[in-house]
Amino acid sequence: MPLSGPIVLTDNRYGKAENRVVRFVKENARHEIRDVNVSTTLRGDFAAAYTDGDQRHVLPTDTQKHMAFVFAKRPGLDTIEDYALGLARHFVDTVEPVSSARIDVESYGWQRVSIDGVEHEHTWVRSGPEVRTAAVTVSGDGAWVIGGIKDLVLLKSTGSEFAGFLTDEYTTLAPTRDRVLATALVAQWRFAEHSGFEWDEVYAGVRATLLELFAQTYSKAMQQTLYAMGTAVLERFPMLAEIRLEAPNKHHFGYDLAQFDILNADEVFWAADRPYGSIHATLARADAPGAGIAWQP
Amino acid sequence: MPLSGPIVLTDNRYGKAENRVVRFVKENARHEIRDVNVSTTLRGDFAAAYTDGDQRHVLPTDTQKHMAFVFAKRPGLDTIEDYALGLARHFVDTVEPVSSARIDVESYGWQRVSIDGVEHEHTWVRSGPEVRTAAVTVSGDGAWVIGGIKDLVLLKSTGSEFAGFLTDEYTTLAPTRDRVLATALVAQWRFAEHSGFEWDEVYAGVRATLLELFAQTYSKAMQQTLYAMGTAVLERFPMLAEIRLEAPNKHHFGYDLAQFDILNADEVFWAADRPYGSIHATLARADAPGAGIAWQP
Amino acid sequence: MPLSGPIVLTDNRYGKAENRVVRFVKENARHEIRDVNVSTTLRGDFAAAYTDGDQRHVLPTDTQKHMAFVFAKRPGLDTIEDYALGLARHFVDTVEPVSSARIDVESYGWQRVSIDGVEHEHTWVRSGPEVRTAAVTVSGDGAWVIGGIKDLVLLKSTGSEFAGFLTDEYTTLAPTRDRVLATALVAQWRFAEHSGFEWDEVYAGVRATLLELFAQTYSKAMQQTLYAMGTAVLERFPMLAEIRLEAPNKHHFGYDLAQFDILNADEVFWAADRPYGSIHATLARADAPGAGIAWQP
Amino acid sequence: MPLSGPIVLTDNRYGKAENRVVRFVKENARHEIRDVNVSTTLRGDFAAAYTDGDQRHVLPTDTQKHMAFVFAKRPGLDTIEDYALGLARHFVDTVEPVSSARIDVESYGWQRVSIDGVEHEHTWVRSGPEVRTAAVTVSGDGAWVIGGIKDLVLLKSTGSEFAGFLTDEYTTLAPTRDRVLATALVAQWRFAEHSGFEWDEVYAGVRATLLELFAQTYSKAMQQTLYAMGTAVLERFPMLAEIRLEAPNKHHFGYDLAQFDILNADEVFWAADRPYGSIHATLARADAPGAGIAWQP
């Protein structure tokens, strides 16, 4: 049945992606560093730019870039959440056609260089592959803050099994009572409100909780581990409405040394690249306020 | 206001990502190649795996991997859309707890090696960076097919301007009547129905249309170009309900040679990496059937 | 035996890496594009910058960047080899402390967009993952030109075996008389002289020869295929002194469908990522002039 | 002058690249982890494989892969240097045609998860981006060990200048007395002998020295910083013959906030991707033994 109705622009957005902003605080000899990757996304009354090439409502992405740097200066980057809230509000409040603004921030970790146990005042070494994230949306109706972490690579060498699963005629996997469990976790937690919190403390607490539960949960499957992690986070942090967890199951296969008459007592593994399992879970408080446009990309 | 309600598993899914399947057809001396990356995602009655570690409803992702290869053998990979429909239906029809299955396919391009104008029967060279994609979802209620292309890198050296835009006190960008326009396009088009089409013909036609409109539209902004591309695709292909376009604006900055008393008549540019503009547009037929769960990841 | 002799700076070099230069020729309505990534490396009398922080001999890498763009304007980028020769000579001839300069160029392929068989005058689509390369070195003693190609991904579905190999007590690989042979070739060919050639013609000819020999050589091993490719290139292009070939053996493993009572007649394969074989070969004419510092990085 | 001499195979090598070996030590409840990427390269009497497709001297790369895992079991991966020495010797001693073997190892860092200050016995979180490396070569004539580190990302917010440099008519860079200095260091140090050392202690000491000198050297240029780092390493570690340092100069440009009447007192920077400076230095002890084939790839 061929369609013949009019063609409509149903959704649109635009912004400047991946502004690499580095902000130092140099109030005294002991400097501080904030190293972030900032993306701006605006929604609003921009249809004419698409349909007619009319730019009168379009604030250049170049200007959005400027603002990512301006806001890094003032109010500054004390926390990425407040920085993003301020930046998003700026666009909504001062740019007439903008109805909502979303700011995505990745924050890279740096550790102070220590020399003979003394921290250096202005030199750092990059830590992590892990990256802290924030996704903040502001509209005329409200504001939403999503904290997060990604590329948090975790591994446990025991305390994980996978057995008792559904089988069909194509299932060849043997159940196992002891395996390696490894992932590169992505977690995002939505705050019930958008102010009144110590963002950095919540971040540190959620991160510690994720690590603790990954370590201490005897895992019958990655699904169970994710659920335990998510539940603990929501229980311990009552200001959080929801948490989303994505976990690739990074397979480690025991290497067959028996073919050489060598015993491999779960000691030697091959870390595979692809394919990998992909497990997702979202947990929420039943009494949580609605997410509104918080998850809109 | 701290939350205290019960914690609920609100969404979950799992599957096997990035199965790298290569399928040859060797019915005669002239072989054919299909080179794809297949990801499976299942939704259904899996909550007990999360809450209790009970795997009785969980078909291993290892089995899902097997099926990606089995279906490459039969019915085969004539088109990635039909392959994905078959694979998704298999999970929905034969695995009791599965309520819906999504199959994502990336298909890599290969060109036959030519020697003195004669195509070789069993040797190819990779083409592209561009990649053809399909995202197919099947549930008890229906089936949805989304075709697509990504990493389609396009550039025009003239016929593009950006002027007449909104300015504020932070706007320093000068309007330009002649600039380089470049992008790495991602496009996804949703079919109104899930059968009865020549998938490969539609793909070739949509790709050609995207290229033609990018080339021939005098661009007052990337937004306008995307709209022109999307409109033409929907007009020419009445079996399509909707098209989503994402276009990073890959900036090319004219290099300042005037500082060396050299005229740069829009000839020498620096191709920047980051930041980049990021433009999104979705167009749909007003009489299109609803998307259902087609866009659910 | 602890060492106690004086510490000496034995080698040093510096430059500006990855200048992303795009050059258009707009002499008429039909534009031309050259899209390159240029890296400069200088050697010379720079020791004091290392030992004493004395910059008086150090031409800033910022200036080197300027020159990569200036030379793209004039003499221009007709061929990357002549461009690189000119740029290298500039540094050697005009910057007193420079004893030798090396210019590395990657050149990205673009194909003109065709609409109804007619090539568009100013719009292109990126082709390849394959990249053309040049590495040119100029010193007071001479000049050396190395042409090349990389990321040339090749695959043949038959005409390749691997059997009769050395075995030891740890060898479990079964010989095979029919396998998939695939690689991402890197090839670099050194010219015996540095002028008098049609660089583009040689490039096209060498590329065609590499493809032809990969396709038409019945392969008893990747080693043999590389040797056949290298020999043919040197035989057909008597201006070349030497060719270096690197070929990851991108393994494709037949998927075990027999476990499901399905015949897999070398039709369905799993394309593995890691580990991969890694094969290298260098071939040279016995009467070739010495390489001098051509291969110095 | 076209060449017509016979074509000769002048160099060749082969091996298995990127074996991802993970080794646990589980002697008691507190497990240990070694996570490495191992590449093997063999040289020897393999010409017939190239010239005639004769595999009789070719040990399959599949067997080399097996050995990377077998040696991870016994003698094990206590240190990557001894592991690589053992693996290389195995190939030289037991595979007749092999004249020399090179083993490259990348070792990924893992930190034990801590819960309330107590280290978990079998759970880790990935640290780094930094990677420890070893490159070991064994032949009938001797053995060479090169330790190393890569992706060591360092940054200092002051204590770095760049001034007094050479200028020509194309130099526009302004001298600066205070800038950000940042790099992703690659360092490789060659041991004078191949046994008798505490590899892990030397590694920790060299790493600490590199960090200390980067931090404490007032830098007149990256060159000077590298020289200071290299000198200190050789002075403190008399068992080292040579050190090679590669340092991309990761540019941080002060963002122009003055255009908005905002003072940017070296607080807000844009971290650029490309182009970047590229600085290399090699330092050696004058009385160091020759490198032999240690640096052969």
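Chains here go by letter, A, B, C and D, matching the order in which they are written, and residues are numbered from 1 within each.
Note that in this section contacts are C-beta pairs under 8 Å (C-beta built on N, C-alpha and C of every residue); 3 or more make two chains touch, one makes a residue touch a chain.
Since we're looking at a predicted model, the values are computed, not measured.
J.: Report the chain whose mean Cα position is at the greatest distance from that of subunit A.
T.: Chain C.
J.: Counting C-beta pairs in contact, which chain pair has more, A-C or B-C?
T.: So, comparing the two chain pairs, more contacts are at B-C.
J.: Which integer distance in Å separates the CA centroid of subunit B from that of subunit C?
T.: 31
J.: Please tell me the distance, in whole Å, between the geometric centres of subunit C and subunit D computed from their C-alpha atoms.
T.: Subunit C and subunit D have C-alpha centres separated by 23 Å.
J.: Counting only Cα atoms for the centres, state how far subunit A is from subunit C in Å.
T.: That gives a centre separation of 38 Å.
J.: What are the residues of subunit B that contact at least two other chains?
T.: Touching at least two other chains: 19-20, 66, 70, 170, 172, 260, 273-274.
J.: Using the touch rule from the top, collect the residues of subunit D that touch subunit A in their complex.
T.: 19-26, 31, 33, 35, 66, 69-70, 72-74, 110, 113, 115, 120, 122-130, 152-159, 180, 208, 211-212, 214-216, 252, 255, 257, 260, 262, 264-273
J.: In their complex, what parts of subunit A are in touch with subunit C?
T.: Residue positions touching the partner: 169-170, 172, 259-260, 273-274.
J.: With touch defined as at the start, can you tell me which subunit D residues reach subunit C in the complex?
T.: The touching residues are 1-20, 39, 41, 46, 49-63, 65-67, 70, 94-97, 162-168, 170-173, 192-193, 219-221, 223-224, 226-227, 230-231, 234-235, 238-242, 248-249, 274-288.
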